[in-house]
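Taking it in order: structure first as structure tokens, then the write-up.
Per-chain residue numbering starts at 1, and chain names A, B and C are given in the order in which the chains are listed.
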Amino acid sequence: MRLYYKYLLILFKSQMQYRTSFWLLSVGQFFIPLTIFAGLYLLFERFGQIKGWQFFEVALCFAIIHMAFSLSECFARGFDQFSSLVIKGEFDRLLVRPRSTFVQVLGSKFEFIKFGRLLQSIIVLVWALSNLPIEWTSIKAITLMLMIVSGVLIFTGIYMLAATMCFWTVQGLEVANIFTDGGREMAQYPLNIYQKWVARFFTYVIPFGTVNYLPLMYILGKTQGNGIIYLLTPIAGGLFILPCFLFWQFGVRHYRSTGS
Amino acid sequence: MKVYGSVLKLRLSMGMQYRAAALAGVATQFFWGFITIMVFEAFYEYAVQTPPISLREIISYIWLQQAFLVFITMWFRDNELFELITSGNIAYELCRPCELYGFWYAKLLAQRLSSAILRCFPILFVSFLLPKPYNMTLPPSLTTFLLFLSALLLGLFLLVAISMFLYISVFITMSPAGSLLVFSILGEFFAGLIIPVPLMPTWLQKIANVLPFRWTADFPFRVYSGHIPQNEAMIGILIQLGYLLVLVLLGRFALNRVIRKVVVQGG
Amino acid sequence: MIQLEGISKSYKIAKRSTGLRQAAKSLFYREHTIIDALKDISFSIKPGEIVGYIGPNGAGKSTTIKIMSGILVPDTGSCTIMGYTPWKDRIQYVKNIGVVFGQRSQLWWDVPVMDSFELLKDIYKVPLQEYKATIDLLIETLELQEIVQSPVRQLSLGQRMRSEIAASLIHNPKILFLDEPTIGLDAVSKIAVRQFIKTINKEKGVTVILTTHDMNDIESLADRVILIGKGSLLYDGHLEKLRKRFGTHKTITADYGKNTIPIQIPGTSILSWSPERVILSFDPDQTKTSEVITHLSDQVKLLDVTVESQPIEDIIVQLYKEYKI
């Protein structure tokens, strides 16, 4: 953990070397999702609702997913940009150091400019929450936290899967964008507005549904029954990262036996 | 003219090298298109009043948008050019025996054309084969189609002319970040890439109509579906031509100005 | 200290094909070629040795270094270094080694060199006291005082390489692997780097294994060379022996006052001749150096004479020829 913090520090210093472009890019990261949010707002202004969901309910969903996405982009960028590490042969360097590859890859890159995006999603979150008549309980508050954490874990898991693919091929990795950028785009609306097969895929294969649908229903009071079960769904979703981690380990082993 | 042709050819063969990347891009755009359509589908299902553009028209709008993404997005840029300008290596370009504006214009045009050729056909092909209601439909008549083609091409020319200002601005700011930001956020929003222009509130539509961005994407896509009737499309094409003329002349003037400055300063 | 026994390693390489049809085909199946990168390599290295590991490009030098540093797992064979099997106890093992890849950097590009050092300290968990002592010594001997506060991107290649070497020694490794440490450096930097390698070898007893294409590195540093070609071990032993085996010839370069009559000395052959200078080659076992010089001074008015052994590059070229690699 201390090492991770050190990595953070050194990369922050690096990015501060280019201060103007740092601030401009941060501002950009603030505004780009803002136009998407503006689009969402305008659509609600015209249509009023989407399959029974009101604007602020969807805004809450939007904020949670974008928050999770920006956090994972900020902190797990090392995996997202892993292909360049492999192409340049820098991965060998990580292997001759006495630390786990996971921490080192994680520490190889941070994008602090993504804080702009994070800030934007926090503002949307506060705005949405202050306009929703939610009866807050501690379980609901914890659920909300877990939704964000679990979202970060899912996005990170996808980055790891894509990074592991680099050990076999570095071509066509953009497909992973379907699940990261595409997943974000899709998950900013509650999952049940989509066709069944999409909803199923994104619940059981890549468990976005456990972040943006089931617990969301609970927080908004659209469900009956035990809250604990809904509290558990984001935790289940977060477990997604475990197989990704194993796959990563497998990839490293493959790399070390082929050296390709 | 021959120079421009060989630039295009070179770009095409370079683009072919990255087949896998192109395929991956196609897959991503496909997914994206699907998601967007489903969102609109959900909105339309419970619409209280009839929206100003039908779901059918929206669907072809979205597929065209995905197929010709590189014709219409601002973030598709040439980092080489940025580097050339900021590093001062621009001097080499000035040694070439052709006018810089034309040369860069051709280069940028070629980049967009070559990536689009690789991507648009697979996307269009599959989108026609999709099950209803997600499939793309043919334009109502041949005339409409021809109008669409000319509008699309003019839109591309227009977009490249707009993007030239991006590079020109880097001469002054020395960092592409800021201009890229303004251009891509405002440009893409007002081109109708986030939501189609007819779905915007009236006051926003008024702004969009004044700016050049909408003529690069929103206009040709709606000509295709017939949402913009033929006679209006003719007028639109004239407006496109007008914009193109003005922007190219302005861009050329501005580029010559900034270059003269660079030369005077001694690079 | 280092013991390699029967190490073999082969790669599977997919055949790359050009053309659209071939590319489409390769989507479904790929033809593979198996390349033996290493064939049955065995050697052992004692503590405190400096070993030059040489061979042409693609001979398997990097693969061996990668296996010895725990990056790659070999197909067969055993390797024991300081009691560890590198690829098995990776994390424990790599604390004891330092690796410099000459063509890649381990320093963070945009921050001062010192910051990189501090981070490496944390990565290797070096105690503060020990770190301070080491870094002071490194800064002094590598003459880094003036550059440790500058970002890496502003350093010259030579300064960067010195910093790289310092970075790989922060945790006081017992073994140092240097993969082409002098590549691209100017003459002055090369000498500085060599001098430093000698120093840490002498004073700290660090075992050094270096690969290089610059024979001067080998000549000034390594007593022992291991030559590898096409994955097989070709020669392992003293540099001098290698020289004796092939480098029997010496050359004499003589400058003299203008003389248009060609020089003739028995037992020598003329490599080049001009009215001011001649370069002769001879076999010292048959003709004595002093004899050649006497003959020379008889025939011309000598201004300057230099005698050289055959340069090691020539020996290596001969060796490569002999083994047909």
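Rule of thumb we're sticking to: a contact is a pair of C-beta atoms (placed from the backbone, for glycine too) under 8 Å apart; a residue touches a chain by one contact, two chains touch by 3 or more.
Keep in mind that this is a model prediction, so the values were computed, not measured.
Under the contact definition, chain B and chain C share the contacting chains A.
Nearest to the global CA centroid, when each chain is reduced to the mean of its CA atoms, is chain A. Counting C-beta pairs in contact across A-B and across A-C shows that the higher total falls to A-B. Chain B and chain C have Cα centroids lying 54 Å from one another. Between chain A and chain B, the centres computed from C-alpha atoms are 29 Å apart.
Our note on geometry: chain A versus chain C, Cα centroid distance of 46 Å, whole angstroms. Within the complex, the chain A residues that touch chain C are 2-3, 6-7, 10-11, 13-15, 17-18, 88-90, 92-93, 95-100, 104, 256-260.
Here chain A touches chain B in the complex through residues 20-21, 24-25, 27-28, 31-32, 35-36, 38-39, 42-43, 45-52, 171-175, 177-178, 181-182, 185-186, 189, 193-195, 198, going by the rule given at the top. Here chain C touches chain A in the complex through residues 11-12, 63, 66, 69-73, 87, 90-92, 94-95, 97, 99, 101, 104, 106, 108-111, 115-116, 118-119, 122-125, 151, going by the rule given at the top.
Residues 20-21, 23-25, 27-28, 31-32, 34-36, 38-39, 42-48, 51, 175, 177-178, 180-181, 184-185, 188-189, 194-195, 199-201, 204 of chain B are the ones touching chain A in the complex.
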